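What follows is a pair of complexes built around chain A, which joins chain B in one and chain C in the other.
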Partner chain A sequence: MTVQKNILKVGKAIHRIDARSKVRGAEKYASDYYGQNLVWAGVKRAGIPHARIKNIIIEKTKNLTGVISVLTYRDIHGSNRQGVIRRDQPVLADDKVRHCGDAVALVLAEDQAVLKEALDLIAIDYEPLPGIFSIGKALEQGAPLIHEEHPGGNVLLKGDLKTGRGEAALEECDVVVEGYFTVPYQEHAYLETEGGWALLTEDGHLEITASTQTPFRDLAEVAEALGIERESIRIRAPYCGGAFGGKDGITVQSLLALAALHCQGRPVRMVWDREESFIAGVKRHPGSLHYRLGAKADGTLYALSAEVYYDTGPYDHLGGAILALGLEHAGGPYRIPHASIRGWSVYTNNPVAGAFRGFGVPQVAAAMEQTMDMLAAKLDLSPLEMRRRNAVHRGDKTPLGVTLISSTGLAECLDAVAEHALWKEKERWKASAGSSKKRGVGIACVMHGMGYGPIVPDYANAKIELTKKGAFRIFCGVVDMGQGNASTYLQIAGDILNQDMDHLELVLPDTEKTLPSGSASASRTTYTFGNALIGAAEALKKRILQRSAETCASDPNDGLTMVLRPGSVFHPPTGKEIPLSQIVRMLDESERISVFEFRAPVTQERPTEDENLRLHGIPHRIFSYGVHLAYVEVDELTGKVEAQRYLAISDCGRIINPQVFEQQIQGGIAQGIGYALCEDLVVARGKIQTPNLSTYVIPTAMDIPEMESIAIEKQEETGPFGLKGAGEIAIDGPLPAIANAVADACGVRIFHAPLAAGRVLTALEAKRGGKEVKA
Partner chain B sequence: MYAGGTDLLVRLRKNPVNPFPLVCLGQIKELKGVRESPEGAFIGACSSHASLLSNPIIRYAFPVLAKGLQVLGSPPIRNMGTIGGNICTASPAGDTLPPLYVLDAVLEIRSQNAVRRIAIKDFIVGPGQQRLNKGEILAGIWLKNDPDFNIHHFEKVGQRNALAISVASLSALLKVSESGIIERVRLAWGSVAPTIVSPTNVEAALKGHFLSKDTLQKVMPLLREAISPIDDIRATAAYRRTVAGNILLRLLASFPYKEGYGT
Partner chain C sequence: MKISFTLNGKKIRVDVPPDRRVLDLLREDLSLTGTKEGCGTGECGACTILVNGESRLSCLMLAAQLEGCHVTTIEGVSSAKKLHPVQEAFIEHGAVQCGFCTPGAVLAAIDLLQRNAEPTRQDIREALSGNLCRCTGYQKIVDAVQGGSAKLKKGQTS
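Let's look at the complex of A and B:
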């Protein structure tokens, strides 16, 4: 039975298959291409936040030796607009520039040095326009418009949702608390910046290799923006070196395609350096949130009013969908019978905000969970008890009035926290703070919807091929951006087909080879593709066993008794074993391939009649849940906050690979700690003041405490092997858990994130009367 | 000219020099390592931070320097970066500088046919400015043993726990008697002025007094006079000013004889 040892079994913690090649530097990312005769492409960025373009002066650049071509919007013969829902972002700016990072010209050069010189030589003649740099300004009457043709003016999307009597019910509450919160931008700061390469083949095919989460959706966008046939484009999506939502949509794809069209068949490469990634890449939406939350004297939540404002920058870039998800989660995982939830996603001339792990939820979770603590304090309830009394169970309605018909494990998570040593021992830990240190403990409850919502079809197509050599080739339609889903797919297939790693092959997303399976986003990747893969694997298994029985056994019903083994088929009654490489000869070309489509279920309930909000994703049907707990220590002398212990208890359904799951949770926590404590993209008049990783401070390993992740493993009936999404939920918890812990430590709440040392020290001083320890 | 290249690399990325003739001092054996001498130690300028951290002479005789090195950059930066580079870069945020000031480090400067010595505080004259003439290199650093001190303190305040540019830092050497009297004291602050600040009047005002919160509070006005912090993207001047004073209070926690004395 030794062969059985290495079978990939669901539930087993195994190293991801890409670990070795990545650690050794052998894995090829999108921009790891330095073929012969390479052309270098680069972009001239606007540099100013809002202006009409009068003239783009490129003559000098064109004449520079080593410059192949200088392209502007005039060279684009399509719509020159890209975007997922509202196509409002030009490939190359035409009439106007709307933020400092807008692309104005594309230069193709023989080498990097010439490229840089050429870009510096381009001059742009502008007529400056008044800029909009705050949400307040954008919403003012008569404010200059960023998109003159947009019917909503500077409001990209507005949402107004009401359940029960809405905010009017606040008057019937025994206690009401109120808070104004602000949350900052967050930069994705992936190791691998945006990049890739492209080639126009002799037969007119455009081949693009890009670091993207959305190869299939990109096809349509590139085709439309550039006015070329979708069928003539092929996009390959290797592993991303991180994406987190920042590559959910077009970054370099259209630019590379346009470049390739002007390279006479030479390969062309473009990679943004870190500074360009900062200026041109998307960020998490900064926002301001006004919350009022009321409860009855016994601690039962009764009414909520939430107003949510997100600064989306000058382009949609999913900013509407992000607002919608924020609104859907604004009331947290609680039963609140009366709620008014309103939101605005607002155009400004600030950097473009877009998809980022959490997708609008971390912002509202920060506000809601802090408001919960404020309310608990007023009611003299422990933060945990307050949450236990109001947590949603299966069958309850969300604050949006949608019934939770899928697995709902929040109560179990809360029970597990209550039983955990970190909760039980918190008072002792707090009391043992050293001199000039204050300690606090905070918790936060989070929920996170999975998938695209009711209208945009959330489907995946899996494909498996039995190769001539007798191995199984998995055609992975969804990108693995580093989260390890490709490995999980092999594990699923291995489990069903009873195979080890030696008999499994992986084909990464390629629009010519793999099948459309949606984006690697929305915590849907493994859920949707995994379900499709199960279907494809089961069908292929059945076919193989049936066919081998027909051929090799006396009784065709033996198909039931035959089993798959790594690389072979085995017939236990006779002990006969036939290599798959032999079986494959009995199968027709088409029979060696199995394809299965899965479409995620949606809820039929309509919490709103606003079709636009439904289109933008409201409501979801399946949610993951979690409770986060943070131990923090605050230094009274410097205001520095350190997270010292961290616990996340999650209901993400059953776990396929505990190791990969834990990495997702830990990564989310680490990124969330950065969001909570130190990451602060400073923007002044549309210009980023922290334009690199020396001034934009992300946490290092030294800033991340020991993290414990516990999965309660509640079965989700619709999930592949019972799982639910786990990619995003862990980033929803850290900011509120840490903010609550800081408030617990200091006795003063800081409503503005990040809770950087300066802010905390100021708050401490204000509390002390501002005198005690001043130099 | 460069040694570890960690500062040079950043500068070259911003302003590429083409072509750039680079002279690497880092491979010259004589400029590396720590040599013990009767009165102290000589540190070769091209010694990497990591090599100094693992050097027993540095660890036991000059713990204040080791504490500064411990929080400089990150492991790769400490492996490549050198103490000489840190001095010649002359950043007010250089993490070895406050320790070297309180240790009264003397620098050995060499040219083709001359050797001169200069105190570190006279060598560094402004941000990025030092008194290195054309044709000269920093050969090493002379440190004197001074076993008298019983508090060796270094604190760096940064935006994170590694790879952080100091927002304010304090290096302190104190001799505190068993009864709690400050008998000797050397202090140096980083990142609160164009160069390291080591105010002798603050030191003088502390000498002879009990190490107590009261005593430390009393010198705050003098300290405020001595520093001239700036606003930048990492911190406001006001924050630096407050913290420069506050971190002096940390000395209370390092009283060598009785836990928590004087608080």
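Let's look at the complex of A and C:
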């Protein structure tokens, strides 16, 4: 049966379908459109962190040859506000600017050179306002307000959660440790900066092509912000050149739409350069965290107090939801009967923080997992034993008091680490360090919730069409930002419909063709859409086989015995084979299309009566789990830390495509190593001092060690083919695993990330001098 | 200014301002958008092209510098039907995720393998250290370059 050889079977490491066009340079990204008669659009940015706008002086710019139009907030006829939960971010600043990257004016020009000159000519007359550049300042009594109308003042969202007797139970512990941690900003640094193009068609339709994770949500935001009918907007989302959360929400979309309205039907292009991407794009939330963790003498965790502060910059941009997810994960994947978990997401005039792979979890995992090691040391337990004694199993309650009713494979991950050579041989490896080198090994346990939580509907609508040529066309509702979910969708459809690649087609997200299916985010992309796709594919398969039997076989019950083959329907009893291109003629247009909606299940438990926290996502029902292990070597002379080996053992349910899964894990680890060791966005009085890739250093091929990824393939009953989310969990582990390894190597803990050479050297010197370390 | 050079095996003559970036000449004027812009300042390697067989950053080159040169962009690496062995290896080893760094990485790898037919993993990591990738963690790219090396060797001996 050679014909069966190329069937896209679930579980096989099928090569991604997008890889071929990408290696040829043929794939068209949003920034690859130039077109005829193109207009270039660019943005004048605020340049200062907090000020009232008195006047925007554009006359000189308007008169410049080659300038088509200069637009300000006065040209916007909608709400001029965008945002996912709280719509607090202007398209173009009106009353005031709230961070250096705020967009103040939009210029349309004939070419790039004129555009640059025109932007330089715009002058803005400001009345400077006192800036808020730290969480502490923002929370001070009488602090200047960034959003005067916000009822919470400078606090975007506050959370206060308590289980058992809360922090009071710390007094009943035999051992308590305490740590103050800080975590830095992290820049997404996707290779493709924010960009796209737009066009107002003759019949008044606004067509936007953008590098985005969220075309359907963008559509609603653009319509409201600009005061345009939703129906007249179309957004297309090609493959992104990386996104990682940084394109979860509006970047260029509203600006491009506004530009297109003033281009007399000409296409308009806007692509941010790298510096603009740094200045205007969102980042991972920096934060400070205060942890107190207590256990009984036998190593059983007993009480936790966690205080979590995130600097969200001047706009919501999911900063509330990110805090909420952080709080939900603050106690890690452990049984802790008593916990007080409090958090604040705070407005400042610093750069905007927003969604970034991990979504508030890497920060708390860094604090919790280091605190766990501190506690293990005090109890004279190995870090692994400490975790094994407290790891959650299915049916246990989380530190939030929510019962884990879904698959829970942490204990299996820990068992696998214990059996792994890297764990067993660690002491020998450490002992063989060269001169002036210290070696250490660290582990970290992580969990990561999937989906939007209990209130915001987490749904997807899959659509499949049997084409007239007898192929199956999959309408991909969720963006593929590089993680390969579009390929995975074809694999799922191929498996169910028994098809090879030659009989499958893909339509990328397009608000006019594909159906609303939520964002490419929250580790929910394949879970939610995959489940919808299974429903759509099964229904279409049933219909095709039934109709084939009715038409071609003597007994209509033969529908039960007919099978799909690539491009055909086969009847084993008679050996008869009918091409799908023939079957399709028996189906009405509407019957050739199958649509199915899937809505992710939510937990019914209510760990909090705070409706606002529930709206922001607390609690989740399904979690992935992982244990990370890092080998590091520290140069005692320079303080440089090198990650030399890395192991991640993950429970993300069953794996649909092992190669694509490994891509997610390896990529997450690499970003996490950057977060742990070298990525340091320096911000001074609201201004980014490292706005390019030469001063903000991300890992190169020289900085990432060989990584090993092992999947504990535990079946998640609600998942498509048993799968759980795998997109984010890998970034939760590296910072704590590496920080624990560095502490193991140096005998001193560094509470502030990144663990850059200077910081490590200072700690080593302080230790040598016998001083208390305040690195 | 009129400039003559060989682009992907074909002699061409273009009339451009001498200070036009090669990246813009390729992408905007010649519609070869496989060459990507990731930073514009020579840090990321997404705009890598081959000039006289050696990898160069097209965002840091001006059009006038191309006079008389042989230029290969990603579009010139393979024919429509047959991929270059390095491209095949990138697909097979899962070295492609978002794909934005891929053309530059493929060209840097081809350049490396021309100079060093059997590089070690460390050689590969050094040679590709100028090509930033934010998706893969590089391991599968290193696998792919090794795979490409093996394919090229096999191609020569068969």
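Convention: the second predicted complex is superposed on the first by the 769 of 775 C-alpha atoms of A that agree within 3 Å, B and C clash if a C-alpha of one lies under 4 Å from a C-alpha of the other, contacts with A are read in each partner's own complex, and residues count from 1 in each chain.
Note that in this section a residue touches a chain if its C-beta (ideal position, glycine included) is under 8 Å from a C-beta of that chain, and two chains touch if they have at least 3 such contacts.
Note that the structure is a prediction, hence the values are computed from the model and not measured.
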>> Under the stated touch criterion, which partner chain does A:A297 make contact with: chain B (first), chain C (second), both, or neither?
In response: neither
>> With both complexes superposed on chain A, which partner does A:T700 reach: first (chain B), second (chain C), both or neither?
In response: both
>> For A:A431, using the defined touch cut-off, is the partner it touches chain B, chain C, both, or neither? Pick first, second, both or neither.
In response: neither
>> With both complexes superposed on chain A, which partner does A:C678 reach: first (chain B), second (chain C), both or neither?
In response: first
> Now for A:R16: first (chain B), second (chain C), both, or neither, which partner does it touch?
Replying inline: second
> In the superposed arrangement, does A:E662 touch chain B (first), chain C (second), both or neither?
Replying inline: second
> Which partner, chain B or chain C, is in contact with more residues of chain A?
Replying inline: C
> Taking the two structures together, which residues of chain A meet both chain B and chain C?
Replying inline: 694, 700-702
> Which of the residues in chain A end up touching chain B in this complex?
Replying inline: 113, 434-436, 636-640, 642, 678, 682, 689-690, 694-695, 697, 699-703, 756-758, 761, 765, 773-775
> Within the complex, which stretch of chain A touches chain C?
Replying inline: 13, 15-16, 18-20, 22-29, 31-32, 34, 112, 188-193, 239-244, 271, 273-274, 481-484, 659-660, 662-663, 666-671, 692-694, 698, 700-702, 704, 706-707
>> Quick check on the complex: what are the chain B residues that touch chain A?
In response: 18, 74, 157, 159-165, 167, 217, 220, 223-224, 227, 233-236, 239, 241-250, 252-253, 260, 263
>> Show me the residue ranges of chain C that touch chain A in the complex, using the header's touch definition.
In response: 24, 27-28, 31-41, 43-44, 46, 73-75, 77-78, 83, 87, 90-92, 94, 96-103, 106, 121, 124-126, 128-142
